[in-house]
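Same chain, two partners: chain A is paired with chain B first, then with chain C.
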Partner chain A sequence: MAMAGTVQAPRSSQARARAWLLGFLRFATVIVTTYLGLLAVTFFIGRVIPIDPVLAVLGDHASASAIAQARREMGLDLPLWQQFLLYLRQVLSGDLGTSVLTTNPVTTDIVRVFPATLELATFGTIVGVAIGIPLGVLAAVRRGSLADQVVRLVGLAGYSIPIFWLALVGLLFFYARLRWVAFPGRIDVAYEYTFTPITGLYLVDAVIQGQWDVAWDVFRHIVLPGCLLGYFSLAYVSRMTRSFMLNELGQEYIVAARAKGLAERRVIWRHALRNAAVPLVTVVVLSYASLLEGSVLTEIVFSWPGIGSYITNALQNADMSAVLGGTLIIGSVFIALNLLSDVLYRALDPRTRVR
Partner chain B sequence: MTVHLRKQLIALAAGVSLAVIANGVPALAATPADTLVEAFAIDDIISLDPAEAFELSTAEVTCNTYDLLVRLDINDTSKVVPDLAESWTVSPDRLTYTFKLKPGLVFASGNPITAEDVAWSFERAVKLNLNPAFLLNQFGLTGDNVADKAKAVDPTTFTLTVDQPYAPSFVLNVLTSTVGSVVDKKLVLEHVKPVTPSDENKYDNDFGNGWLKTNYAGSGPFVTRVWKPSEAVVLERNDKYFGEKAKLARVIYRHIKESSGQRLALEAGDIDVARNLEPGDLEAVQANKDLAVASAAKGTIYYISLNQKNPNLAKPEVIEALKYLVDYDAIGKTLIKGIGQIHQTFLPKGQLGAVDENPYKLDLAKAKQLLAGAGLPDGFSVTMDVRSTQPVSGIAESFQQTAGQAGVKVEIIPGDGKQTLTKYRARKHDIYIGQWGSDYWDPNSNAETFTANPDNSDDGKSKTLAWRNAWDVPALTAKTKSALLEEDPAKRAAIYKELQEAVLKDGPFVTIFQQIEVAGLSGKLKGFRLGPTFDSNFLAAVSKD
Partner chain C sequence: MSALPAAPRQGRRAWLLSNSPASRLQARLGRAYMVWLRFSANGLAVAGLAIILLLVLVAIFAGLLAPHSPTLGDLAGARLLPPGTPGYLLGTDDQGRDILSRLIYGSRLTLFVVVLVAVIAAPVGLLVGTVAGYAGGWLDAVLMRITDIFLAFPKLVLALAFAAALGPGIENAVIAIAITSWPPYARIARAETLTVRNSDYIAAVRLVGASPWRIVLRHVMPMCLSSLIVRVTLDMAGIILTAAGLGFLGLGAQPPTPEWGAMIASGRRFILDQWWVATMPGIAIFVVSLGFNLLGDGLRDALDPKEGAQ
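Let's turn to the complex of A and B:
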């Protein structure tokens, strides 16, 4: 790619503008087809599931006339393709529909549940990166040592232990025995009235408003589920860091740097890690994205009102507007994070920059 | 990073860890003294409007925040007691019920409660035609006639005219369910939204349903302050309540779905009541001397049903054999310990005419003999739809094992609750295990579904449990109807006894147990009591030390 760039004659500004436009159009097409495919697949899967959506609204005991009325009001008597087109038209006009279960517009629900997941996932990713990368570097540098074995064991455990079990054990130990952390939910009952969220990220909101006691309480609520997710992110990040670092440490420029007499610390953290950081960005972003989907089990155990349990609950009740709305949001987050990782990739790796 | 900054950071980190340690000294948390905090799976709530809500959690919220004309007497469930109504009379032809309201009643909003509010509450429930509307439809109330049949004669007199001379106990029992809640007409009318009339919905407005889904317009001992779906419901004391005022200022239901989470929070003192404890956690709570347990038998029956469209299951001997192939004793001692009691008739204990007889026991020899009599000495294969939650999946596995010993090979099809229910309602199952909760505290609720099947064709409108299992029983259907019109309670009870005996003997229902609702309680609570129904779990009398 870099070669092609250098060989080409300097382009006129017109040609450059056309290239940009083409690039933009290609990008737009990809986005539109991605969204359309996402919606279509989710919609049809939702309709194929053998669950009668009316049951969620009316329950098992309602009369035949009430059921018929609800069916028509929900548009379920129309052919499937017509239902889909109606839904598309609605979404294009900015309306994600109304959730049957919460009776709120899906947009309102998502504004409520997504920040909870965002806060938890961000906390988890920070923990995962802050601990995972140094551990990975350590394991790579001391390859084969006891430290390496321990890091690998920690990573393996993170892959194989069911999060549900770990969450309950964590609660039993840190909450029930030691009383270090708080439970359940995001905030204590005592603050339920006095605290007004702004962004929905409670930790941030409490700090902005200078309510330090609230911030401490919120921290005590988030720290256990956050560290749990962090552990799973750590397991992945440390393993990948280790393998990227091993790859870099075998390169000739490392030998050159050492031969030059640079301090080992500088060789590892400045030279090797900086190069390993390029693929690592993708790893971190992907792990962040997977946490943003909402960890359903963690959310259920900690009564964390996030998007994972919201969508699962909606799916089990065939509440399609909520499922589709949630899927759209998660899809958007994925697309946005992929873009972000592309941008970061370019910033970190000079070879990929457009000249 | 300068050395100075680094030092500061280290100091900060040290401070934080000290704070963690200081805070980490085990100390029991406590809920606020004037607040009751309950952990409860409340993700079933879809609306707070009494004309729409029909879920278990909502029943409890509604019964604590709205008033009815009459209420179930939780000390003697065969009686109803006055609530907003001071007295009532039934006309000699048993068609007209006249209720006299207590004087000087007001809603939480301060508006007076009049017979006009009562009439409008009935009218909107019928015209909205939502989930619980069928309760009032039973009296012959329709959108076209409700304004005439349920009306205010004067500000304190309300009359209800029914279409047939029903047993008065039946009419009054139905009126104790939450659909009869009286809403504040003046307040709700301020929030009515216009709608475009269509074929199904002839009315030009939503009767305030859109607003009342998430808001409150009642007069009960508590007012609903907020409902956050799948998070919390907060109730506050209504100081304008006509009766004895609630002892606590506030009730908070927190959504915790997981039984072990509820138990941990109860033990730690972060909640006062745990409402969804499974047998293992319940035992731990019982063993803890700082905690207590409340329990009450509810009107929910768990049963296995046999689709009569399956030729094997339609044989009378097979039906009887399967009733001998359930290990009732083992199920009672382990799977439903503390949360259910073995009960083999379809009327829950406590309802008029309920028979408390459990004639069946696990009896392999008898079952094999019956199967041989049905021409199936080697048994047969059959599927069973089971939703993947306890205790039903455990019971299904136990049944699979015992039935297998007699040669009946049961293949379990696991599924999500709504999924198995959808299949059941389309009667495409062989064997189904499920539960039925009485819609109101009257024997007709269960009799009408277990023993009535007015039209057994595939497009039959009335999807009763008898219909779902293709059990075509015109004689029992007629008998169920006759019980409904029987004025004398003793004679009425006798008919229900006959119906239960018939199902026990020949019906395609293997009734297994009646649910007991349990709650783990903090030792500090006083006066907490679970009622016989989900809409009689009253909280006004609860206090704390």
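Let's turn to the complex of A and C:
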């Protein structure tokens, strides 16, 4: 996704403005085409793949006249491109159809369940970054040592373990055997009807309202799924941190800093990590996006009432509008975070700026 | 062969490592030998290769290795037996089926998914990437925009939606995963194509009068293969995990097929009392994915020493 990286350094302000505008237009094209692509795919999945969408809605006992009427109402007698435009207009006005399962508009459902996923993924990312970056730095500084090998294996395991399996095993140990964490779910039944969420992020809500007993209960619910997701983020973050740090530690400015007599700690954490932080920010954003997606499988195991559970429940009940609505939302957030990581990289690294 | 009769081993080695190969075959074998030398020096990579070879052997000889039927259980006498029970090394599931036998037959499904996805997605990516890179201009712009769009999608969720629309089944799971996994291959192939596109040997082939298709197929694509193989190997673990995830959700192979992800899902109900039913297939998935990851890492280091230095 080239924005303006290759633009030659223009001198005059007019040329600079033109280069900026060109970069902006290119970026706008990227955004628009990517989202159109996503909508085209969900449209394709929902309207084209099923042999007969009418049959999917009405069932095979409907009368011929009902089927004909449904065809007209659903716009299926129109050419495909008109159907797509119709679909675009619907989605852009916030209409994702109605869920057969909950009988609510899909948009309403998603607004209700999305904060749960957001809270889980955020918790996971914080855990992953807080542990993954120091581990990656350690592995890079002691390259080839036992610590490096251990970090490497921990990371490789993170790329190889099925997340839903680890969730089950975690539940077996920490809930059933050790009783350290709470039963699957988001909050204890005792609090479910007395606690009033504000933002939908329960941990934040409980703390704002000063209900510490609720906050503790919520924490006991989120800690296991959050840490599991955090482990997968850690695997990615530590691996990339190691690679970026090795890159920086080989540079001449590090030699200069050491020659100047700076403490090794300062060289590593202030000089090297600061430069490695630029690509790291994009890594963290990307891992956040992948956790939003990865939470789908985790949520089922932990009965976490987020968008992952929503999609899979819908899936098992052949509720296609809910499945596609959920896919569209996760896809949109994923794309947005992808683009954000791109923008952040350019904003943070002065070398990529248009001069 | 120029091998000396006195020291055939030494001679063969020298012949392979010769800096002035006399034939195309010698050059090729020599290069392969150097890659193997670098690869085999890496213990973890060899372990990964061993795991994958074992998986292939188990899949081929499943009929001979499995002590019991993978689908028919002994409902009356062998329900939910713990691991270590005589005759049932890894225990049995809720239908009295031997878990070890199911795992052994399940290796066929895992291999089937991985190979099929690679066979579908890699050539598509290779073709898109090389054509875009070699043609340049608007074709390159359009193809790469499409690739980037697909690259920006969440893979698992999209595979989920595809599998849901196509209906459950292992073939549909393969299609769903393949649709979401070709874009990185296109990117890699294009990058490699751009580096060789303006080189002298391409200019020479063009001068001889080769058509663009011939150049792309015979002279550009082979240059992309090594990085593509590395990437595909590294992706195998992800493919296995996605397939297992789809199986876990009931979108992959259908019962009573012994698919590992579906086995975890069926063991989930009694995880608290009969932990082995869900745990064993997970260990199998983990070992195989780890094998592919180690193999991929080793291949990358062996095929591309520059990258491996990092």
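General remarks:
By our rule, the second predicted complex is superposed on the first by the 264 of 355 C-alpha atoms of A that agree within 3 Å, B and C clash if a C-alpha of one lies under 4 Å from a C-alpha of the other, contacts with A are read in each partner's own complex, and residues count from 1 in each chain.
Heads up, the rule we're going with is that a contact is a pair of C-beta atoms (placed from the backbone, for glycine too) under 8 Å apart; a residue touches a chain by one contact, two chains touch by 3 or more.
Since the model is a prediction, treat every value here as computed from it, not as a measurement.
After overlaying the two complexes on the shared chain, residue contacts for A:Ser63 are found with chain B alone; chain C is out of touch. Of the two partner chains placed by superposition, A:Gln83 touches none, neither chain B nor chain C. Contact with neither chain B nor chain C is seen for A:Gln209 once the two complexes are overlaid on the shared chain.
Shared-chain residue A:Gly46: touches chain C; no touch with chain B.
Once the two complexes are laid over each other on the shared chain, residue contacts for A:Thr107 go to neither chain B nor chain C.
Judged by the touch definition given at the top, the superposed model places A:Thr282 against neither chain B nor chain C. Shared-chain residue A:Leu156: touches chain C; no touch with chain B.
Using the contact criterion defined above for the overlaid structures, shared-chain residue A:Val296 touches chain C, although it does not reach chain B.
In the superposition on chain A, contact of A:Ala176 is made with both chain B and chain C.
In the superposition on the C-alpha atoms of chain A, the part of chain A touched by chain B in one complex and by chain C in the other spans residues 49-50, 168, 171-172, 176, 300-301, 316.
Listing the residues of chain A that touch chain B in their complex gives 49-52, 55-66, 68-69, 72-73, 100-104, 109, 112, 168, 171-172, 175-180, 182-185, 189-190, 192, 220, 300-303, 305, 309-310, 313, 316-318. Taken together, the chain B residues at the contact with chain A in this complex read 20, 23-27, 29, 31-32, 35, 37, 39, 43, 46-47, 54-55, 129-131, 133-134, 137, 199-201, 213-214, 228-232, 234, 252, 254-258, 260-261, 264-265, 267-268, 270, 416-419, 421-423, 425, 439, 461-463. Across the complex, chain C meets chain A through its residues 145-146, 148-150, 152-158, 160-162, 164-166, 237-238, 241, 244-245, 248-251, 261, 264, 268, 271-272, 275, 278-279, 281-282, 285-286, 289-290, 292-294, 297, 310.
If you check the complex, the residues on chain A that touch chain C are 1, 30, 33-34, 37-38, 41-42, 45-46, 49-50, 156-157, 159-166, 168-169, 171-172, 176, 243, 246-247, 289-290, 292-294, 296-297, 300-301, 311-312, 315-316, 320, 323-324, 326-327, 330-331, 334-335, 338-339.
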